[in-house]
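In the two complexes that follow, chain A is the common piece, with chain B as its partner first and chain C second.
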Partner chain A sequence: MNGLVLFSRRIWPQLLTLAVIVGLISVMFPGFFDISIANGRLYGSPIDILNRGAPVALLAIGMTLVIATRGIDLSVGAVMAICGAVSAWGITEGYGLFPTLAMALSAGLACGLWNGVLVALLGIQPIVATLILMVAGRGIAQLITEGAILTFNHEGLIFFGSGSVWAIPTPVIIGVLTGAIVTLIVRRSALGMLIEAIGINLRASTLAGVNTRVLLIAVYMTSGFCAALAGIIAAADIRGADANNAGLWLELDAILAVVVGGTSLLGGRFSLIASLIGALIIQAVNTGILLSGFPPEFNLIIKAVIILIILVLQSPTMRTVLVFFSSDKAAGIDSEKQKETVAP
Partner chain B sequence: MKSSKAILGAGILASMLMMSSSVLAQTVGFSQIGSESGWRAAETTLTQQQAKERGIDLKFADAQQKQENQIKALKSFIAQGVDAILLAPVVATGWDSVLEEAKEAEIPVILLDRMVDSSDDLYLTAVGSDLVHEGSVAGKWLVDELAGKDCNVVELQGTTGSSPAIDRKKGFEEAIAGHANIKLIRSQTGDFTRTKGKEVMESFLKAEDGGKNICALYAHNDDMAVGAIQAIKEAGLKPGEDILVVSIDAVPDIFQAMAAGEANATVELTPNMAGPAFDALAAYMKDGTMPPKFIQTESKLYTQADDPQAVYEQKKDLGY
Partner chain C sequence: MNARLLPLAATLVIFLAAYAVCYAQYPAMLSTRVIGNLLTDNAFLGIVAVGMTFVIISGGIDLSVGSVIAFAGVFIAVLLRDTGLHPLAVFALLLVLATLFGAAMGATIHFLEMPPFIVTLAGMFLARGMAYVLSIDAVPITHEFYDQMQDLYWLMPGKGRLTLIGGLMLLVFIMGGILAHRTRFGMNVYAIGGGAQTAALMGVPLGRTTIAIYALSGLLAGLAGIVFSIYTSAGYSLATVGVELDAIAAVVIGGTLLTGGSGFVAGTLIGVLIMGLIQTYIIFDGALSSWWTKILIGMLLFAFIVLQKGLVWTTAKRRIAGG
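Let's turn to the complex of A and B:
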């Protein structure tokens, strides 16, 4: 019970933000909550947010773990392009669905391994190490697609982008499943705690007997795997691999999702669920802007202002101010607790 | 006797060759930007094809999107003493000194597809497309197709602030101006990509009563149209019938969509810029005819009536 209370206190700012943004959109656009079924698939703006948010949500899962180790993975957008290109190439060459998926996912794992080796074994700063693949990755993807948009018509592969299971779009299911599995793995074992330990102090964790090298490589490989899933979804969605544009700048959206989710870029404590909500917040803002009908020149300004407001409200200074002015009981308990911990 | 005849024959042949070399360009250097898009790959393929057809020896240099590489290539063409240079400039500025070098060496330079900010006596001519005109061809098609029926149009713009987005929008709006039956109800950027085209179209459909309020889509390029067509289909509507689709560029994939009845019209941005360039060059070499400073390529309109499947077969191997 206590755990549940702590958990809900951890994610309420994100949930509240999401609710406020969705509320704002539905005020501006009254038909927002109309959900129907078209072509055997749920259809409506909230579904769009979930569906379009799935790739960034997947990236955010891997990114959360990487950031928790005090790292960062700038290459995820390029890895998406590579894996999308591999899947389109595999299916057009006639390798069949499962070998193709296996190849695309292995490509993602290989990219993650590359990043992990640079960071964990060679000790290169993560931002520089992953920048290499961010720059080179699109070139690799272009080599695979030979510079053109490689299109395909394989129903099995298209299913991952625009198919559905029980009327729920496949990308949403993949995102939720991946989130659940990764959460289970890191939270039902000591892995999550060890990842946090690495982020707080790499040297101390190594000295305490944590196999930090293997764990770091595994974390980057998870990020590569998530990016591969996102890449397959992005390619399947448009029935083609666009090496130039698939996943372009999505690494920044993924980092933003993690930050909006309240995980510190300095590593340590992380919350996967909060990052997933963060991804939905970003997509809700995007979809809201599209529905609002503002001229496109305003898109980025509106997005920036909303993100700024969210981050200011979440900032430690603002929190102190809010706690100071609120007569909330929880805040009182909070300060008492602090006294207790300070006392001894 | 026999041998003297042969010598005579060889002499005539040689003089003919010399004559032809004096009137026609034999070697032409071509500095291409790089492989930034499928369209550019097709432009390279077609330039090589056109040169081969005319018996021109084309020296090709890929600049990998860097101006310094293009300047190096131009200098090396000048040093080799080519007869003419084709240049697809990656940026507009910084060409003065190298173009002056070419002018001093009396090598005519023809610009392909993009313009430079240098004085126009530094190059022979520029071959390119008029972006505003492309937009107006698309708009005019819609005006004719509707024949006075009421129609709400949604627009997928190119990357905000880019010149194709600004000019194609302008041309389309000019063409539909004065036709009160056509209203542009929504306009958003789809960044010239399929993914964004699809995502933005999804929101258009939701915002306009499930798409029932939309009668036509105008996309600034075919890729966005292809993405939007998928969004329309997933919404349970028929693209090409419930919502008319007109776009610009004429890449192979849109012809497949047209053959399937899912797109209605596209305006070609021809990748064959080299053909008109070689024609102008041949006329200039022959008797010094100065071409106009800007040669506008044709913005051809393709509709479902133009046998889209055949055009697709023609275009698919050009490297788009």
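Let's turn to the complex of A and C:
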């Protein structure tokens, strides 16, 4: 019960932000909550937010773990392009659905392994190590598609982008399942704590007997795997692999989702659920701007302003200022305590 | 040899070796025409990379520069179309705006203690968004002053043209080199990159320097935008997407440590030229596809990072051995 209280205290700012944004949209666009079922699938703006937000949410799952180790993975957008290209190539070459999926997922794992080896074995800063694949990755994806946009018409693969199970779109199910499985694995075992230990102090964790190398590589491979899933969804959604535009700048959205979710870029603490809510916040902002009839050219400005507001509120200086000005000193101690708490 | 100079030397050797390989296959590569075009085509990238060098030496990063270039192009084009202002007045206005934009990001980074990565990411969205608001369509620039500037060049021996913008890039590199290695500001930048806390204890004005670094990066991004608009004679809000990555890659290939505290402005020039050379070679070859550029640059990045890692490792070892 105590855990539940701590947990809700950890994610209430994100939930509140999401509620405010959804509330604002529904005021400006009254038909927001209309959900209908057509062709055995749910339709409606909230479903659309979940569906469109699934790739960023998937990326955010891997990114959260990477950032918790005090790292960052800039390559996820490029990995999406590579895996999308592999899946389109596999299906058009006639390898069948499961071999194709296996190939695409292994490509993602291989990319993660590359990043992980650079970070864990060679000791290269994560931002630099993953920059290599970010720059070269789209070239590799174009190598696979030979510069063209590979299109396909395989029903089985398209199912992952626009299909549905029990009226729920497949991307949403994949996102929720991945989130649940990863959360269970890291929070029901000691893995999550060990990952946080690496983020707090890599050397100390190594000296304390944590196998930091294997764990770091595993974390980057998880990120690669999540990017592969997102890449398959993105390719299946447009029924083709676009090496230039698949997942373009999604790494930035994923990092934002994690930061908006309250996970510090300095590592050491993380909450997967808060990151998933962060991804939904970003998608809700995107969809909301479109729905509420603002000229689309204002999208980026509004997004930047919202990000800045959220970040300023979260910044350490602001927290100090707030604590300083609050007459109730207990509130200050309380917020200090809150810093220490870890979501279950 | 000084270990600090080794990455720079390696960059230079790789550049000369690459040029030799190109020359062996296509003797025309050594003509001043190719060299002139190399400078002209990469002028905007070079200018923006100088600003990025300062930011990276200080241990930060600036993701907003590509968007600022696009904004600058659209801003100039729209103002020239809708008002009777002279281009020089528009340039001055733009440079002030870009500098203030950079300074604002620097102030946010310093006073709110937020990571540069996230602050400049928001700046990237903001600048691109402002460009969209000004105009979604590409706006052509038809001003006689632009034609005059495009016709300004110095005919090198061998009929190569050193254009105004190519020359401007070289000038910016020289000024950047002086600023980095011969002024108090430059020393402060290196000190902050070596360790912000130590620098503060030594009396480096952290806030002022951080704001100045990002203001400089903004100013140079604005200047690169002007150069890009002269180069293309148009302003387009979707232009120069991802230039920040090219600039970062050029800086790293040029031998600057991404951890900050070490690097050379001259190395960045060679980094830019290596990237330009790869592209020129692929154009000369004709059969190679353009995506090899990205893969080759990625491989070069990897080679340099491993080289730097090895250097840092051996110097650290030597220091321990030396007591």
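General remarks:
The rule we apply is simple: the second predicted complex is superposed on the first by the 314 of 344 C-alpha atoms of A that agree within 3 Å, B and C clash if a C-alpha of one lies under 4 Å from a C-alpha of the other, contacts with A are read in each partner's own complex, and residues count from 1 in each chain.
Simple rule for what comes next: contacts are C-beta pairs under 8 Å (C-beta built on N, C-alpha and C of every residue); 3 or more make two chains touch, one makes a residue touch a chain.
Remember, it's a predicted structure, so these values are computed and weren't measured experimentally.
Look at chain A after the overlay: chain B and chain C clash there. Judged by the touch definition given at the top, the superposed model places A:A230 against neither chain B nor chain C. By the touch criterion defined above, A:G147 reaches both chain B and chain C. Look at A:V66: by the touch rule set out above, it reaches neither chain B nor chain C. Within the superposed three-chain model, A:M134 lies in touch with chain C and out of touch with chain B [touch as defined at top]. Touch criterion met: A:L122 reaches chain C, while chain B stays clear of it. In the superposed model, A:N299 lies in contact with both chain B and chain C. In the superposition on chain A, A:I307 makes contact with chain C only, not with chain B.
Measured by the number of chain A residues touched, the leading partner among chain B and chain C is C. Overlap of the chain B and chain C contact sets on chain A: residues 142, 147, 296-297, 299. Remark: chain A residues 29, 31, 36, 38-39, 41, 43-45, 48, 52, 142, 147-149, 151, 162, 234, 237-240, 242, 244-246, 248, 287, 290-291, 293, 295-297, 299 touch chain B in the complex. Per the touch definition, chain B reaches chain A in the complex via residues 35-38, 41, 157, 160-161, 186-189, 191, 193-195, 198-200, 202-204, 206-207, 209-210, 223, 226-227, 230, 233-236, 253, 319-320. Chain A makes touch with chain C in their complex at residues 72, 122-125, 127-129, 131-140, 142-143, 146-147, 243, 252, 255-256, 259, 265, 296-305, 307-308, 311-312, 315-318. Here chain C touches chain A in the complex through residues 61, 108, 111-115, 117-119, 121-126, 128-130, 132-133, 136, 245, 248-249, 252, 258-259, 289-295, 297-299, 301-302, 305-306, 309, going by the rule given at the top.
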